Amino acid sequence: MKLYEHMAKDVLRAAGVPVPRGRVCTTPDEAAAAARELGPVAVKAQVLVGGRGKAGGIRLAQTAAEAAQCAEAILTMQIRGQPVRSVLCEERLVIERELYLALAVDPSARRPVLIASAQGGMEIEEVPDRAITRLHLEVPWGLVPFQARQLAQRLELGPSLAAAFADITARLHRVFVERDAELVECNPLAVVPGGLVAADARLNVDDDALWRQRELPRTSEATPLEERVRALGLAFVQLDGDIAVMANGAGITMATVDVLQRYGGRPMNFLDAGGGAAAGPTADALEILLSTHPRAVLVNIFGGITRCDEVARAILTVRERRGLDVPLVVRLVGTNEEEGTALLQQAGIPAFTSMREAAERVVALAGER
Amino acid sequence: MKLYEHMAKDVLRAAGVPVPRGRVCTTPDEAAAAARELGPVAVKAQVLVGGRGKAGGIRLAQTAAEAAQCAEAILTMQIRGQPVRSVLCEERLVIERELYLALAVDPSARRPVLIASAQGGMEIEEVPDRAITRLHLEVPWGLVPFQARQLAQRLELGPSLAAAFADITARLHRVFVERDAELVECNPLAVVPGGLVAADARLNVDDDALWRQRELPRTSEATPLEERVRALGLAFVQLDGDIAVMANGAGITMATVDVLQRYGGRPMNFLDAGGGAAAGPTADALEILLSTHPRAVLVNIFGGITRCDEVARAILTVRERRGLDVPLVVRLVGTNEEEGTALLQQAGIPAFTSMREAAERVVALAGER
Amino acid sequence: MGILVDERTKVVVSGITGRQGRFHTQQMLEFGTRIVAGVSPGHGGEEVGGVPVYETVQAAVDKHGATSAVLFVPAPHVRDAALEAIAAGLSPVVVIAEHVPVHDAMDVVAFAAEHRAVVIGPNTYGLCTPAGRAKLGIPPGRIFSPGPVGVLARSGTLSYEIVAALTEAGLGQSTVVGLGGDRVVGTSFVETLKRFAKDEQTRVLVLVGEIGGSAEEEAAEFVKGLDKPVVAYLAGASAPTGKRMGHAGAIIERGRGTYASKRRALEDAGVHVADLPWEVAPLVREALGRLEETAREG
Amino acid sequence: MGILVDERTKVVVSGITGRQGRFHTQQMLEFGTRIVAGVSPGHGGEEVGGVPVYETVQAAVDKHGATSAVLFVPAPHVRDAALEAIAAGLSPVVVIAEHVPVHDAMDVVAFAAEHRAVVIGPNTYGLCTPAGRAKLGIPPGRIFSPGPVGVLARSGTLSYEIVAALTEAGLGQSTVVGLGGDRVVGTSFVETLKRFAKDEQTRVLVLVGEIGGSAEEEAAEFVKGLDKPVVAYLAGASAPTGKRMGHAGAIIERGRGTYASKRRALEDAGVHVADLPWEVAPLVREALGRLEETAREG
């Protein structure tokens, strides 16, 4: 789960990391009030996607009137498909230098990694590799103070900034651990007269740890449709084709989508019904899929924990509840395969055992209509 | 630093460990008031030494008047030389079983050790070894929940108590780590209707970590004389002989005391002037030693960091300030030995180079007087 | 014979009294796995399908000399249960649960490294050595058959699909290992390839990968020095980008992690990458054929 | 030749710009120790007695190939400085400071174990291999001379006393190791005895112990299987009891830790325990004499 900039900064502020004074505003009036309080401000779109600067989502205002204008403009924008619902009005900083500092999970090293660069401010992907310092932390030791000293030295910060840098690094590390973060990032970590300030901040929290992060606010990037399917406990991503896909397992679902594409079909979604899902949620998910008006539906089940008869029953339930108004192709193998296939055949729904044949069939049907 | 029972219980209570309700009282009147508030109470001497139960330092009172009587009696006691300055009046518990639970530093394993027994209540040294379970913790992992489960199983606590036990163990562990404890102990950890209560508690804090434990109260077992010498930054223990001893280093000071004893002398103290002590504190310490009316004084210096001339100067300073009214034997070898020896000889104080001869001499002088 | 588990593997099932634990204990027993004990706090003294249940893993080890563990405990308890199994000296420790917090996974990995234990998972179906009748985890037993093909995969059902096709084609497996679908897992492709490299039974390898992370690229590096042929299938060719963990993730990966980069890395290392899942078995057969040819010539 | 340090040991002095650091760097250099660099945050670029100062240990290692470290940092900074030296791959790491919090000491010990580094101290004077002109720490250099006696001790000045007496008696030392006076130290008697056992130069051992803890009793156990003679001196025969850490300490020690128990354990293992410090050198001479006799006979 990504937090909005202002939420991330709230967490950092509470952890003692210096952040600019700011106000979250949802109307131009609020932005004007913020500018009256804070003086000249930066008005920053609050979105969960990157690249808002290039999209015009950050504007500078000298006066309250200007702040209102900027907010008005930004609040009507969409940035990479995301509507802007709020802006952060922040005091302007006198920035001498921009650094980059982040803690992230490195899946390959299976450990946290501290990442820093003297070239902050721009997208870190655009910084040349040799200008980036990485320092892996040892689990469960975490950050040891000398590591922050090492980083500060490599960034050539000098003694007084080095101490502030070490302090901020320690605090970011505490946030990283205590908030189950996958990423906590300050870009830029700004050198201002008198010290360092996290001018921008990002905090991505592990979705799997949200149950023990109750104090954190919640955000979502999912579309309303995705939300509905995820509420059933299933993994779902919308694509832009016309063949709805349901399979059981992330890998096989991805592979099913790949196969359709390779056969000239256009998959409409990625729906992983997981292993061992019961008939109820499966039926609900299928119903949602049908409600999106696909040209055809492919259900691809390799039953391990998942029982084929349960899947068949889910399909029959859906047919009973709303009818099947589009071609439905089912591939069923594995646990209780015979029973499942028999149930479907009685209802006149063909069931394939070959994934290949099922894929070919559904692509053909989607084309026929 | 040992904490008084009531202080230890305050720390445990703040950490969420169940402890009995209680009031610290320094007068019989306060004890009566506590009994009026709490009902029947146990009146417990607050001392830093063990064995108060056998010494009559714990009494039970039904009424306020009884509580006052008990407090009166206990507040006039000395327990193993320690005057009782306060009592803890605590609600009486209905105790079904008494367990033992502690976390300590195991110097040999160089790790913390969790110690538990189903035979709590008595002095743990008296519990047979096979009735005690020890479980070492791994650094820096600390306590992992399954370890508390393992302990609970070995104590045969049953599921409902096991959960409470695991919870208390985790909280004690947090105290152990966060309070720089050398020992945190609940004896007994009482099984009462509805759960577990730390009926008695002990918390010994690492002296060397007190600088980062500012919130903890301070206690001392030292005599006033010991306090005066320790205030100079030196290690000092009073013994009951008549030859005052000063040496530099814990090992050599112990050895000097041993040697005197073996030669028939009776050492009066253990004063480790440390390595590299300056003339000022050395003179101050020597002056304090002389003020305790020894029959003779032995100064045994093997100069490494300690400079012999500094020691000689310290002795001359003392002679100037207060005179030397008892025989003083000095053994000086090592750094700047010649200069130090010369200074003393000019002042008519003999300086030996052999520890043996110096020891023989001082024992003889102490006997002569 | 095979890697990591075999007929000598004596298994403790942690979380045996849960719904999943009970069901799969039965399934594993039917396959022939030597399950010697179960663990479930609060259920010590019970039995599940004839398997005695204990309060702690240590008790199960003391009584039955268990060597390995499968964990069916839910995600919030994985850290504790895994550390318990590792501290008791078990290896491999198979973590089935998905949705394990990544910081917990890093703890488990570090603790295992300190104790020289192998962790498989989290978010895995487990592993199986068919000739040893050792199945630790949840895959359907009937898809396996003994043979010379070592399979290592990140995802579950896709593995079943490919393993079932291998079995159907008469291409049995030495060991099939599901490494787990999470970003941080206990055992990598490379570590598993190293084990397969030393296993005499294994003659051909099948690697089932997917987009994200850099495990396949690292595997490709290792494969360059490996003298056993490798066939791969990669899922996610058509997945949209941008469902990633963001910038720092991107700079950790630095251009790796895409289907194209993985495929290129593997092909550069001489791996045959199948376009479609059902092409894997024929490619394996070809590889075995070439091996036999070389053997005849040599 | 000797153990742990020798003429190849290249030393970093951490905390070199402090009063103690400066003074003892000079002393160590005069003895002949190869001090290649110093470390002191905020002082990078300076020099102390010709030794270049860096901000981090890693920089000192990168520039000068340092192999070992001596720490003169004050107690509150010991944990960080020791972990830094260990992480940089240095060993041994000698911790001079006294009053290091015991929880910090346990951290340092655990971190060193993970990295297979040797920590000497805290609260030690250090160690010295006279023949290698390697003195890491604070003992006065003139008390040492090269020879066949390995010395291991807990306390400082008492060691000097005994080592000086050995030197005066013409009994030189292979290595003299001060293990440190704290309850938790990085290296034990047993670990040090194991090293001396394998060292060809060392023919006789001198163990300087004291009351408290059970290190001497554990050493006695090990000495039983050792084929080199051991002479011991123990301080604290007349110390009052009861200055201990309390009950749990007592049950950890379980009757060990007293002068009597230590002396008995050592004597049972065949160790000659001197009653007085100046009896050590004659006992060592006797032991060497017996060794020569055996050699002549053999």
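A, B, C and D are the chain letters, set down in written order, and residue numbers restart from 1 in every chain.
Heads up, the rule we're going with is that contacts are C-beta pairs under 8 Å (C-beta built on N, C-alpha and C of every residue); 3 or more make two chains touch, one makes a residue touch a chain.
Just so it is clear, the structure is predicted and the values come from calculations on it, not from any experiment.
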Exercise for the section: Compare the CA centroid of chain D with every other chain's and tell me the farthest one. Expected result: A
Exercise for the section: Quick one: report the Å distance separating chain A from chain D, using the average Cα coordinate of each chain. Expected result: 55
Exercise for the section: Find the geometric centre of each of chain B and chain D from their Cα atoms only, then give the gap between the two centres in Å, rounded to an integer. Expected result: 27
Completion exercise
For the pair chain C and chain D, the C-alpha centroid-to-centroid distance in angstrom is 48
Handout entry: Two or more partner chains touched - positions in chain A
Key = 138, 140-141
Practice task
For chain C, write out the residues touching at least two other chains, lowest number first.
Solution key: 114
Practice task
Would you please name all pairs of chains that touch?
Solution key: A-B, A-C, A-D, B-C, B-D
Practice task
Enumerate the contact residues on chain D facing chain A in the complex.
Solution key: 41-42, 44, 55-59, 80-81, 83-84, 87, 111, 114
Problem - Touching residues on chain A, where the partner in the complex is chain C - result: 2, 50, 102, 104-108, 110-113, 115, 123-125, 127, 129, 132, 138-140, 177, 180, 182-183, 185, 187, 202, 204, 206-209, 211-212, 237, 239, 247-252, 254-255, 257-259, 261-262, 267, 270, 275, 302-305, 333-335, 354-356
Handout entry: chain B - residues contacting chain C, complex
Key = 138, 141, 144-146, 149-150, 153, 159, 162
Completion exercise
Within their complex, chain C touches chain A through residues 75-76, 99-107, 109-110, 125, 138-140, 153-161, 164, 181, 183-185, 208, 210-211, 213-215, 218, 233, 235-240, 243, 245-252, 254, 275-278
Problem - Interface residues, chain B side, partner chain A - complex - result: 140-141
